[in-house]
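Just below sit the structures, each encoded as structure tokens.
Each of the two complexes below includes chain A, the first together with chain B, the second together with chain C.
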Partner chain A sequence: MQAIGVILYLVLAPVVGALLDGIDRKVSARMQGRQGPPLLQPFYDLGKLFTKQMLAVNSVQMLLNLSYLIFLAVAGSLLFAGEDLLMSLFMLSTADMFLVMGASSDSSPFSTLGAGREMIQIMAYEPMTLLLAVGFYLATGSFQAGDIVSQPVSAVVTMPGFLLGLLFIMNIKLRKSPFDLSTSHHAHQEIVKGLTTEMAGPTLAVMSIAEYYEMTMMLGLVGLFFVNSSPVSWPLAVLACLAAFFLETLWDNASARVKWRTVLDGCWVVTLLTGGLNGLILMLVR
Partner chain B sequence: MAKTKLAKSPWMLHYDGSSCNGCDIEVLACTTPRYDIERFGIINTGDPFQADILLITGGVNFQSESVIKQIYTQMPDPKVVVAVGICACTGGVFKDCYNIKGGIDTVIPVDVYVPGCAARPQAIIDGVVKALEILQQKREAYAAHRRQGKA
Partner chain C sequence: MEVIPVLIAWPALAAVLLALVRQPKARGIVVYAAAAGMMLLALALLGSWLSGGGQAMLLAPESVYTEYADLAMLVGEFVLMALIVALSIRHRKYPVILLSVGQTLLVAWSEISLPVEKTTHMRVDGLAMLLCLIAAFVGGFICIYAVGYMKAYHEHHTEYTDRSSFFFSMLFLFLAAMFGLVLSENLVWMYFFWEVTSVVSFLLIGYTRTEEAVNNSFRALWMNLLGGCGFAVAIVYMAATQGRVELTAVVSSGAAVPVALLAFAALTKSAQLPFSSWLLGAMVAPTPSSALLHSATMVKAGVYLLIRLSPALAGTAGGVMVSFIGGFTFLAASMMAIAQNDGKKVLAFSTISNLGLIVACAGIGEEETVWAAVLLMIFHSVAKSMLFQAVGAIENSLGTRDIEAMHGLLLRLPTLSYIMGIGIAGMYLAPFGMLISKWVALKSFVDAGNFLLVVFLAYGSATTMLYWTKWLSKLVSLHHTKEPVTDKTHRDQYLSMFVHAGATLCLCLLFPLVSARVVDPIVRTLFGSAHEVLSMNVLTTMVIMLVSVLFVPTLMFVLTRATHRDYVPIYMGGANVGDNTYFVNSYGEPEHLYLSNWYLRFEFGMRRLMRPAVIVSAGVIVVMLCMIIGGAV
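Now for the complex of A and B:
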């Protein structure tokens, strides 16, 4: 059962991520009154990136990007195998450090700036991810994702605050406006492409695939709130994930990028108000 | 339309050589809902490392010459260059100015010329779609070249 979860995740996560990205671009275009690219555009993009010339700015960037990919794949595999949530979330932030190193390994001032901003983003979302694991422990008595999904009632009933907090920081993880400081999917950012500025062709493709793994994992975390021991909850969880993704797209289109201070303050305040408060209540009623 | 044969994911880099901004505004108009260039999968990126199409407006002057050369060499193969507006094609009305070298093709090879002053969005999109065909040919040639190199 565990092995199936891992294999399914490893094989399907990039596909699901790329499809979601395609849906995101289509929906965004429609929100802006445009026709938008074809649904499979992210696949075409990946295909193209792999056929481009390998313009490596140094010998370690590709390696660091591959490490980013592998750590994200392992983090997601842990979650989908029903293993330790805490471990999985730690891996998630470790993965990000590889990206930061990859971006600061080249000489472009833009990617160095992007790397610095990425670290601020890590600082902003990190408290919430840690609290999330604690929250699941308080609500279900276990850090194991496998135990969490076999509870009689969905976790969302006891920890709605955590879900809100997760949705808030997910915006950073999906690199969406208003929190897309380090790099953005949209053109014409003030720092060119931020930390991906000097990533060309295959290097960028590896980074995008890693992002798709991450995207699927974040939605997996949302799903974790909804799945319980009854099989009916699974399709419900998928619907919830899609709804969450739609909300992120809507937010992306409805807001402009903010300054790093606002990201940091905003995330910490929201983390305290949602996760912190919800955690406190859980501790008191226990 | 032989769309399946065209390059499906061309990312575009727009550089202003010495344009009067007339053509630049038309280039930006291509990304608006009315013309929506993204429906061809085209992204207007600002990063030469990730671009496939270099779109240049305005003629070359002695200051922009080195910049054009630099961003052209920073773009990974296969790549195409589109000169937008009569200034970028030949130097246009500024041709005889003391500071103008001439069209873009005086410094880098140009694949598609889009005339007009200013070039209309329709013409720009038409030129870019033409460039896609050339890009696809270059891509095949590049792939063949790589296979030979590896074999």
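Now for the complex of A and C:
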């Protein structure tokens, strides 16, 4: 069972991520009154990137990006194998560390700026991820994702605050406006794509695939709120994930990028108000 | 067990000898011999303790010898008092005199006029043994490191008078006191060694005799003496009410007042808020003393005492006070570390912050939290002392310890950068020791129903991540500068740093063994029972993580090395002159690229956060102590 979860995640996560990215581009375009690229555009992009010449600014960038990819895959595998949630989230931040180091290793002004902002973003979202694991532990008595999904009642009933908090910080992880500080989709913006400025061809493709793994993992966390022991809950959870993803796209299109200070303050305060309060209540009624 | 007096006397003798040897070469030989002897003696103690069954052993029952020792310590306390009084008068720091005289007279009066039950004076158990090994090995190697460091230090700082003999003498005197402290069962004995460590720390901080150093050393002194006062009152209270002055008697009686006062003393020693400023000021001292006293061992004396007291702290008002202060310090210190660009300051804040986590665990006083506390203590001692040594060596080579100057250090001082990298990774990255302890601590805070600590830990982890990551990313920037740097690190320094790096890696790899063989028995001795803190399941996860962290980058390195790639210059906004270091500015002239880290000074600076943090923590301590002593709870 565990092995199936891991294999499905490892094989399907990039596909799901790329498809979602395609949907996101399409939906965003429609929101802006444009036609938008084809649904499979992310796949064409990846294919093209892999055929490009291997350009690099230093010898370690590819290695660090690949490490980023593998660690995200491990973090997601831990989640989808039903293993310890806290460990999986610790792994997620370790993975991010490799991305930051990859960007810093270039010693280029724009990617260093992006790396600095990425660190601020990690600091902004990390309290929520740790509290989230604690919330699941309080609500279900276990850190194991496997135990969490086999409860009789969905976790969202007792921890709606945590779900709100997760949706808020997920904006950072999906690299959406208003929190897309460290990188942006457009090279003409003030940080010239930030983190990814010095990444080209296959290196950038590796980074994109890693992002797809991350996207799927984040939606997996959303799903964790809805899945319970009854099989009916699984399609419901998928619907909930799609709804969450749509909300993120909507928010992305409805807001402009904010300064790092707003990101940090916003995330920390929202974390305290949603996760903190919800957790406190769970602890008191336990 | 006859080895114990030798173990304490050996470094003390070395201290006397080193004070007399002026010739650097001879001094080096003496230091090596003394450190090696100390390690052998500690191993001998370990051997005899293990062959005796590895149980808690009470030693040194009342006899003529302990009478002499009592008398010698009484004389020693008066000598220390006289020294403090003389130095305070010379530097016009009169309030310190009151603190010193007050507590010395209090303890002396108690010893002479309050009769106590005559029992044992010393105790060897797993925890004491662990602290002895840390002091002997980490301490011994730091002393060896100091041989090379002090040479380079005085080449680099010609403005200070070379008092290396005094410096080494104090290091070994401190180690003698540390052995005495952790092996003492009798509180009066422990108090004597406690005072010796305070005074040695004071003398070492003032090593350079600059105005700043003198002021900082007196700040450290008065804060530690304040804790000493708490210690002294606790002794008098125990002697007057229970007629016993053993640490185990304090724990088993569970008397709230002495437990709280001893915990207060421990908080000052471990530089918890509001007493953190002494440890920050202590960074003016040469690096070996920062590594030894202010990171690896002396500040651990405070958490050692708290771990000893933890069964009596569990679920009491004293425990609430200790765990709150610890958790609060963990968060506040890690936030302030973000705004520092002085490498040693960051290490100091991170030490305070990590000690805070250990203190919080000890304050909860459950088996799991104490397990986490002991494990954190082991990892922190080794990794942090290595980081201090590496920063010291970098400072001697670069002439500065500013983190900004370490941009691209990987290309300039590769060996030292790798050592720093191992240390930093060990301090916060998954799945090294600190993180496992954090995982266990988080779980047990939830189980103990303390949500405030959970919040402190969640936010504190995030801030901890930031200050380490930005330092690490500074080191790995592949930036070619034209300034030549020569590695001035001596062989003695590398010997010590390599041993520390090896030990850190071994601790990570052999972590389940450390947990089962070292930490579990200690918890069992303290609580009488210990269940498995980490299940097999978690251990498997840990192994997966460890394997991936250690092998993925290596594997990727091997894989990507073979791939062909074309190197291109980086994008700089202005035209890249071609060497990734200069770009053409708007006047058409080449401009040097300078990349700075984020420090968020307005948000997380000491100026903004220190005062509120001190007020909050001081308020909590005062209110809680008043409540406990007044008998309200």
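Here is the rule we use: the second predicted complex is superposed on the first by the 284 of 286 C-alpha atoms of A that agree within 3 Å, B and C clash if a C-alpha of one lies under 4 Å from a C-alpha of the other, contacts with A are read in each partner's own complex, and residues count from 1 in each chain.
Throughout what follows, a residue touches a chain if its C-beta (ideal position, glycine included) is under 8 Å from a C-beta of that chain, and two chains touch if they have at least 3 such contacts.
Keep in mind that what you see is a predicted model, and the values were worked out from it rather than measured.
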Combined model on chain A where chain B meets chain C, clash or fit: fit
Contacts of A:E198 with chain B and chain C, given as first, second, both or neither: both
Which of chain B and chain C A:T183 touches, first, second, both or neither: neither
Touched partner set for A:Q53, first chain B, second chain C, both or neither: both
Partner chain(s) touched by A:A29 [first = chain B, second = chain C, both, neither]: first
Of chain C and chain B, partner touching more chain A residues: C
Chain B versus chain C as contact partner of A:S208, first or second or both or neither: neither
Partner chain(s) touched by A:T216 [first = chain B, second = chain C, both, neither]: neither
Touched partner set for A:P38, first chain B, second chain C, both or neither: first
Smallest separation of CA atoms, chain C relative to chain B, angstrom: 6
Contact residues common to both interfaces of chain A (with chain B and with chain C): 53-55, 192, 197-198, 200
Of all residues in chain C, those that touch chain A in their complex: 407-408, 429-431, 435, 439, 442-443, 446, 449, 451, 454-455, 457-459, 461-463, 465-466, 469-470, 472-474, 476-479, 537-538, 541-542, 544-545, 548-549, 552-553, 556-557, 559-561, 563-573, 580, 593, 595, 597-598, 603
Interface residues, chain A side, partner chain B - complex: 25, 29, 32-38, 41, 44-45, 47-49, 51-55, 187-189, 192-193, 196-201, 204
Contacting residues of chain B [partner chain A, same complex]: 7-9, 33, 36, 38-41, 43-47, 49-50, 52, 74, 76-78, 139, 142-143
Residue ranges of chain A in contact with chain C within the complex: 53-60, 62-64, 66-67, 70-71, 74, 78, 83-84, 86-87, 90-91, 93-94, 97-98, 100-101, 103-112, 115-116, 119-120, 122-124, 126-128, 130-131, 133-134, 137-138, 143-144, 192, 197-198, 200, 261, 264, 268, 271-272, 276, 279-280, 283, 286
